[in-house]
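Following: one structure in structure tokens, then a few remarks.
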Amino acid sequence: MKRLFFILCAFSVALLGFGFYEAVFVAPVEATMGPVYRIFYWHVPINISAEVFPYVNMVASIAFLYFRRTRVALAEKLDALAIATAEVTVLYVGLGLATGMLWGRPVWGIWWAWDARLTSFLMLFLLYVSYLLVRRFSAGSQSAVVAAVLSVFAGIDVPIVFMSIRWWRTQHPAPVLTGEGSLDPSMWPAFLINMAAWFVWGVVLVWGRYAVVRREQVATEQIALQALEV
Amino acid sequence: MIYLRTVWLHLRKDLRLEWRSRDAIAGMLFFTLLVTVVFAMAFDPTGFPTLARQMSGGLLWVGLLFAATTALNISWERERRNQVLDAHRMSASPASALFLGKALANLIFVSVIELALAPVFAVFYNLHPLGEVRWLLLILPLGTWAIVVNGTFFAALGLNSRNRELMLPAALFPISIPALLGVVQATTGVITGDFEPQLWIRMLLGFDVIFTTACILLFPTVLHAE
Amino acid sequence: MHPILKTMQTAPVPAPAVQVRIVSKLYGSFAALKRVSCTFAAGGFHVLLGPNGAGKSTLLRVIAGLITPSSGIVHLLGGDPLQRRDRIAYMSHAPMLYDELSAMENLRYFSRLQHPGANCDCTGSPEMALRAVGLDPTLTRPVSQFSQGMRQRVSMARALVGDPELLLLDEPFSNMDAAGARELVQLLLDFRTWPLAGAGGRTVIITTHQYELVSDVADSVVEMRAGSIVIPQAAAA
Amino acid sequence: MIYLRTVWLHLRKDLRLEWRSRDAIAGMLFFTLLVTVVFAMAFDPTGFPTLARQMSGGLLWVGLLFAATTALNISWERERRNQVLDAHRMSASPASALFLGKALANLIFVSVIELALAPVFAVFYNLHPLGEVRWLLLILPLGTWAIVVNGTFFAALGLNSRNRELMLPAALFPISIPALLGVVQATTGVITGDFEPQLWIRMLLGFDVIFTTACILLFPTVLHAE
Amino acid sequence: MHPILKTMQTAPVPAPAVQVRIVSKLYGSFAALKRVSCTFAAGGFHVLLGPNGAGKSTLLRVIAGLITPSSGIVHLLGGDPLQRRDRIAYMSHAPMLYDELSAMENLRYFSRLQHPGANCDCTGSPEMALRAVGLDPTLTRPVSQFSQGMRQRVSMARALVGDPELLLLDEPFSNMDAAGARELVQLLLDFRTWPLAGAGGRTVIITTHQYELVSDVADSVVEMRAGSIVIPQAAAA
């Protein structure tokens, strides 16, 4: 297991590097925006990944709520997975916001606009920050349950983020990956490599955090056993 | 039937408690009045009628959201004092009835505030809505319910946590943003007459249905989370 | 099922009302309950003793289902505590009453809550419960204006009004006057013999620091110390 | 000297309590972020930059007022729980020291919020103040103190149920309005550059002095009012 | 002043610590205290008895200056209760502690509050007070996580730490274990003999429903019923 983890880790770093090379040196310059557009190769992969991890989090949370009384050991693992995915979600959504703002400043002239896509995405960020806050605020064994409940609500936001550019006219560009007027074929390789790279890196992060959280849980149990012996 | 009777039991209790102390209503009234007047003075709406029209929807709902937050905290604080909440956790009647009763009570409180505020608002902002006013009869209750149902739920989430008062807005605001957006836009549509509010109303309706269901389903878990 | 087994089950030997099996409760690294096992027979009057901080309240709350134990199982009236909510009542240190309502209003609310389906003719019972604990049901003062002992009596009435099969009382006499406390012990003894639909009979578990009040009437005594049960000593559990 | 030491004792206790309910800082920061977002959502400031400039003074202070209200409620609720207030009423040390300590603690909390809020506010509202920004260094503390000192006082008025009628909006409302108006106008003056804020600052200063004095003198009466 | 009068005042005849003169307290039309008159001698251990709702807590709060009587006067240590705040301490049903602070932090705060001018070397006494009531001063848990009885002990320590001349205790033993209660009675007896700057000596007034705990040591007993004092019977006040 550990071996596999490090292999995957190395693989994702290599992919990230390769993706960087492809995006900066290989991919063609875009017609209207010039070189600034290259942020695209990070912005879109990061943001698509940022919409996947919340779902993992939500599924783990629902399963946790379901099993928490009947299968305690499994529930603990699910909870660890929920923590890991929530943290990675905050990281990815944060990066997505940052890349978006960095892109928006030269292209739109402002850092921020209150359109449906940006707002709903900011909401996703806030929801997961509040998820982490709630975990710290609430006491003891209850925090996991409360956070899991919150995660279900956060999950409802993800489809809104996804559909926002289809439902509303936004400042943010309309879909380019699907439908007509889509991406030039020469841009696909760089995009796909970056997509894979960022996704795998996210998986590695989740895995790593999961292992750490599990270790903490086991350590707490150990302390508990000692407390009972005294 | 029995379920409804239990809801009514909780609702009546909450109304009676509020009637005895009048905490929540007084606090809300104060706050919303303050917001209305401060904005009116800060910004001179009679001088700029178009701008006033554009922003008054937002003002109204942000004021109500804050006011509702206060009311929600008070309404759960009552259950916490003397640990009455333990009695509810021990009781055999369905937990969601407690939730519904409280949400309905809060709906009534916030509606009272709205009714009291509406004339003040119209006068201070010198408002003559240019759209179809009767849509407001749909928008106000739907928007209020959206705020209240989520608020009641998330205030309950924080019941056992350390800084409760902060947790309510921390969890509530991000979630209610779509509803808030919908209701503000719909209201603005009615007041300015620039666009039809139907789309937003439909969105609001969807939001209400989804979140009410989710809250009712999840409330027992929240209440019994140790 | 083998017919002999069946006979044994239906025999009037009282099944235990509460079974606590190797229950522990940890707060961080502090163990409030350490592998506690005990059984409370149905129909009995059980007393839980121990110095301050021994874990009596924690055990009672675990039995009531208000605290999920860190490990171990509680069996209650032959099932899960969470499924038996309509048949148990719990009275804690805190009065669990709404300050702004009068005693009758509080009781009426809680009795309706416990029996949502009941018809209105059961509304006689809050008055009876109040009289039973020695209070005047016509008092319209909100309970926040009651004296400490009066509030505790109302709280006791709240526990009784649900007509429970298992009554968990956490220091019910702590603020009551001596005469009142004796009357209430008598009331609890009477309570156990009230008619009851199910078999087994009503069970009372109380914690108290005034053992002399209940020493004559207790069917069993459990003594705790630092999170463990010291009397009766565990055989080989 | 002894008086100051007592004030410091109370102040330190309040800070420690706040610190104990850990993560308070994180919670507050997040909370203010949310307030900003909710306001921005409701008004779309990037769409209407002039309007945004005109409104932002009011928005800022209403947001702070709301944050302060929450902080004030929390801070007195702590004294009420377990009836610690009785201990204060019994204590030999001057009652006004308790008041000052608490008001200072709240000043610190709200100031922390302001510092965190400022940059976020500027980005989300796309603000470039057109007036003299350095005036803000005077306006912010003066306005914050005005809100906090009155808020602490009036929240204390509501502590005893007997006095609650006094806390009704009717009483509280006219008193806080001038301060709020002054600070909103001064801030708007700085942001829009339309007028000089000096007049409003002077008014604010007068208000602060008068009300601080009045509150300190009257607080013992409020605390000991049965 | 006439020299003879002066001699009489400085004579070691204990002046009364508390004098209550025809005090009534009305809540609306309900009289919680009805023309109560009584005197508590300085240096004594006085016990206030009576059934629930008799008005004991009300009387104690009137003496403490927390309730202004509707009519009548209270004299305390030879003056107005409001002027004597630094010399009296009161412990009520509620613990009067900050939930989030540990026991030591609570005590340190309240002792500084009571003696704002004192130097820092008095900080030894919170530890002593905690030890005296049988708690470990090194516990860092916030008091909200203490058991009911432990909280009551801290509350008692809070009352003692101000080094008061007059100690008013409202049911201090209600949630304490029997052994602890006996120890605390002993502590209170010792407390009365602590050295004191002023004359007269330290006075303790307590209410309790467990008379057997204090029956041997009480210097005087006052019994109330329905807002009036029934023992000792008023001569012709």
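Going by the order they are written in, the chains are A, B, C, D and E; count residues from 1 in each one.
The working rule: a contact is a pair of C-beta atoms (placed from the backbone, for glycine too) under 8 Å apart; a residue touches a chain by one contact, two chains touch by 3 or more.
Every value quoted in this text rests on a predicted model; they were computed, and no experiment measured them.
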Interchain contact steps from subunit A to subunit B (minimum; 1 if touching): 1
Subunit E and subunit B - chains in contact with each: C, D
Most remote chain, CA-based centroid, reference being subunit D: C
Per Cα centroids, the chain farthest from subunit A: E
Subunit A-subunit D separation of Cα centroids, rounded to whole Å: 38
Between subunit B and subunit D, centroid-to-centroid distance (C-alpha), Å: 24
Centroid spacing, where centroids are CA-atom means, of subunit C and subunit D in whole angstrom: 47
Interface hub residues of subunit E, defined as touching at least two other chains: none
Two or more partner chains touched - positions in subunit D: 21-23, 27, 30, 34, 37, 41
Per-residue overlap in subunit A, given as positions that touch at least 2 other chains: 119, 126, 130, 133, 137, 140-141
Touching pairs - complete list by chain label: A-B, A-C, A-D, B-C, B-D, C-E, D-E
In the complex, subunit D residues that touch subunit A: 22-23, 26-27, 30, 33-34, 37, 40-41, 44-47, 123-124, 126
Contacting residues of subunit C [partner subunit E, same complex]: 27, 30, 50-54, 57, 93, 141, 145-150, 153, 171, 174-181, 209-211
Parts of subunit B lying in touch with subunit C, wherever the complex brings them together: 2-3, 5-6, 9, 13, 16-17, 20-21, 78, 81-84, 86-93, 97, 224, 226
Subunit E residues within the subunit D interface of the complex: 64-68, 82, 85-86, 88-90, 92, 94-101, 105, 109-110, 112-117, 142, 158
Complex contact set, residues of subunit C against subunit A: 24, 26-27, 29-31, 34-35, 68, 70
